[in-house]
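A, B and C are the chain letters, set down in written order, and residue numbers restart from 1 in every chain.
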Amino acid sequence: MLRRVFLLMFAVLLLAAPAAAQDKFIVVASTTSTQDSGLFGYLLPLFKMKTGIDVRVVAQGTGQALDTGRRGDADVVFVHAKSAEEKFLAEGFGVKRHPVMYNDFVLIGPQNDPAGVKGKDIVAALRTIKQKAAPFISRGDRSGTHIAELKLWQDAGIDIGKEKGPWYKEIGQGMGAALNTASAAEAYVLADRGTWLSFKNRGVLAIVVEGDKRLFNQYGVMLVNPAEHPNVKADLGQQFIDWLVSPDGQKAIAGYKINGQQLFYPNADDPYA
Amino acid sequence: MQSDASALDLILSGDPALYAIVRLSLIVSLSAVAISAVIGIPFGALVALTRFRGREGVIVLLNTLMGLPPVVVGLAVYLALSRSGPLGSLGLLFTPAAMVVAQTILVTPIIAALARQAIEDLWQEYCDELTAMNVGPLGRVATLILEARFSLVVTLLAGFGRAAAEVGAIIIVGGNIQGYTRTMTTAIALETSKGDLPLALGLGAVLIAIVIAVNALVWFARRAGENFAG
Amino acid sequence: MRAASSDLPIRFDAVTVRGDAVIMLDRVSVQIEAGAPTVLVGPNGSGKTTFLRTAMGLIAPSAGRVTWGGAESAPPLRRAFVFQRPAMLRRSAQGNLRYALAAARVPRVRHDARIEELLALVGLDGFERRPARRLSGGEQQRLALARGLARDPDVLFLDEPTASLDPAATKAIEDIIRAIAASGIKVVMSTHDLGEAKRLAGEIVLLHRGRIVERAPAADFLGAPRTGEARAFVAGELLV
């Protein structure tokens, strides 16, 4: 009897495998913030309907996503850290960088704002946080958000690597985990608006700083270079990129809303993005 | 999956995404256990019944490997299956097959170590009879594995428990891709990190219920079998 | 009925078997021939079990040699052994017999018929489907006997077959042993019970501290023991 059970399980596994092999698919390495915002759940079915291509999104931090591209384990990378993306291109792992959309970062903190940073100036807020040693959660994971956070400390004239104290906690995890930790610790944290809007465990947290031009968060997409990794599905991957920057794709991106609020702003036509 | 729905809503409405996740979890874990059994039981029997140099070392190693950290196995399999790795041309990374591979590595030592123990105990009992009946080495292995079937079933359950519960290995090698490599445990990890704790808890309850159901099924099957064979 | 080559006579040539710290058999030379049952008696630790196992081929001598029908190493194709505490497989009675028949390379088509015969022989008719491990001590002993007979042996060894049985079960087993011996199979067994030796034996062999002290037909051994040990044993005074 045991033998029959085993045979059945093997049969099921075998049936599962070929079914997957029939579909056209690509692997896209992207970021946890893009996934956590729910954007892919909205966009990808539209793309599949149009082209029949299945998009498998592996959500990692920006650093890890680009590494996945370097190793040839993804066909397309879709992240939000321009400097890191340009380095990726310069190393020869990407074909061309296309800007796709932007959203913004927001500084999240306890509603009652114990450090008194509420306002429109992110740099001033960060200086105050350091001065008052207010608890601050950093992603610490080479993600796009982390890279942006580090740049903001730099803009504030603070060498955070040297000047951090016990108030600065690096958790090495994704945006959702960072928000969970900030909620539990009643701390400040830099988040992308998309993840914040779909985050449910807010506790006492609220937006304390927004609208500063320096909080601008640009997303770019690149095809992994097939010259480096011949297994890359260059044709299908390019179809995905072309769709994202096409009027259809851009309209779809703008159409994604949570509670009536738009999360991402398409800007593929912006030459400076 | 609708993020505003509770786990109960999803179960009652027959949400296809939820059922796809449950189905994948079972397929991955059960496949891993099946393959581990095919490798581990004969290997355990061999170690139990043969005498060779370094046998004690092999037994200690097997027992130690039962405690392999899943996340370390996940990382190792990831590097092996990556396109830049030695087995990259198989194209298995970020597929359910990779998850089965990682879980098989985790479960095989458990089954081999426990099978060895069970069969060694039985060998004490049957050594004389089988020798007197002139049963050859292959026959002895087959006979003892058959005799041990009830304790081996419990061994398989232990392996299944390990596979169904782990998340560290499969999230790395599977990529937690929606609709493709997302299982119960990886979905719970995801919903937790998104802050949807009630949904994560609900999924956790579903997972525990399934594991209990599998255990109960096997327990009663074993009881029925024992009643027959004594 | 019997194949041309046989495992008899079983010949011990100065066989010594060493245990952990003690000598179990001490330079034993003896020849067991076909015929009436050979019954081993002797106090505990005298080497009865060791002798039977060595004669079966389960133990290799530390010194000396054992031959079966003149051959030095003969796989136990025509010998069977019933252990003092037989181990039953986790199957039915007929499952156990089927296993023994398969191990003895009896063709499958003959199995069903043979199982019926064997169960009838040992008085377990109708027990086919009973789980073997749930049988009583006496019933398991009888099933073990049937298992041994399934090999169609020339020689059947039995190690204290009635040691843990009540008088009714003991009588049942003794009757079966008598029938087996009458069918031409050589029975070599050990017993604690002098009365049983008297009831079953052709010849009685007394073992003491690993040596054969006396060997005689049953009537002579019991009525006119020659050695001092034998006399003491028959009088119930040889304990160690």
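FYI, a residue touches a chain if its C-beta (ideal position, glycine included) is under 8 Å from a C-beta of that chain, and two chains touch if they have at least 3 such contacts.
Note that the structure is predicted; figures quoted are calculated from it, not measured.
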Item to check | Least step count from subunit A to subunit C, where 1 means the two chains touch | outcome: 2
Next on the checklist: So, comparing C-alpha centroids, which chain is the farthest one from subunit B?
Outcome noted: C
Next on the checklist: With contacts counted as defined, which of the two, B-C or A-B, has more C-beta pairs across the interface?
Outcome noted: A-B
Checklist entry - Among all chains, which one's averaged Cα position is nearest the averaged Cα position of every protein chain shown? => result B
Item to check | Between subunit C and subunit A, distance of the C-alpha-averaged centres to the nearest whole Å | outcome: 80
Checklist outcome for this item: Separation of the C-alpha centres, subunit B versus subunit C, in whole Å, is 47
Next on the checklist: Counting only Cα atoms for the centres, state how far subunit A is from subunit B in Å.
Outcome noted: 33
Checklist entry - Hey, what residues on subunit B touch two or more of the other chains? => result 149
Item to check | Contacting residues of subunit B [partner subunit C, same complex] | outcome: 125-126, 128-129, 131-135, 139, 143, 147, 149-150, 228-230
Checklist entry - What residues of subunit B sit close enough to touch subunit A in their complex? => result 3, 27, 30-31, 34, 37-38, 82-85, 88-89, 91, 93-97, 100, 149, 153, 175-178, 180-181, 192-197
Next on the checklist: Considering only the defined contacts, which subunit C positions touch subunit B in the complex?
Outcome noted: 56, 58, 75-77, 80-81, 83, 86-87, 89-92, 99-100, 103-104, 131-134, 147, 151
Item to check | Touching residues on subunit A, where the partner in the complex is subunit B | outcome: 2, 6, 9-10, 12-13, 16-17, 20, 27, 32, 36, 38, 40-41, 54, 56-59, 70-73, 173-177, 179-180, 183, 198-202, 229, 231
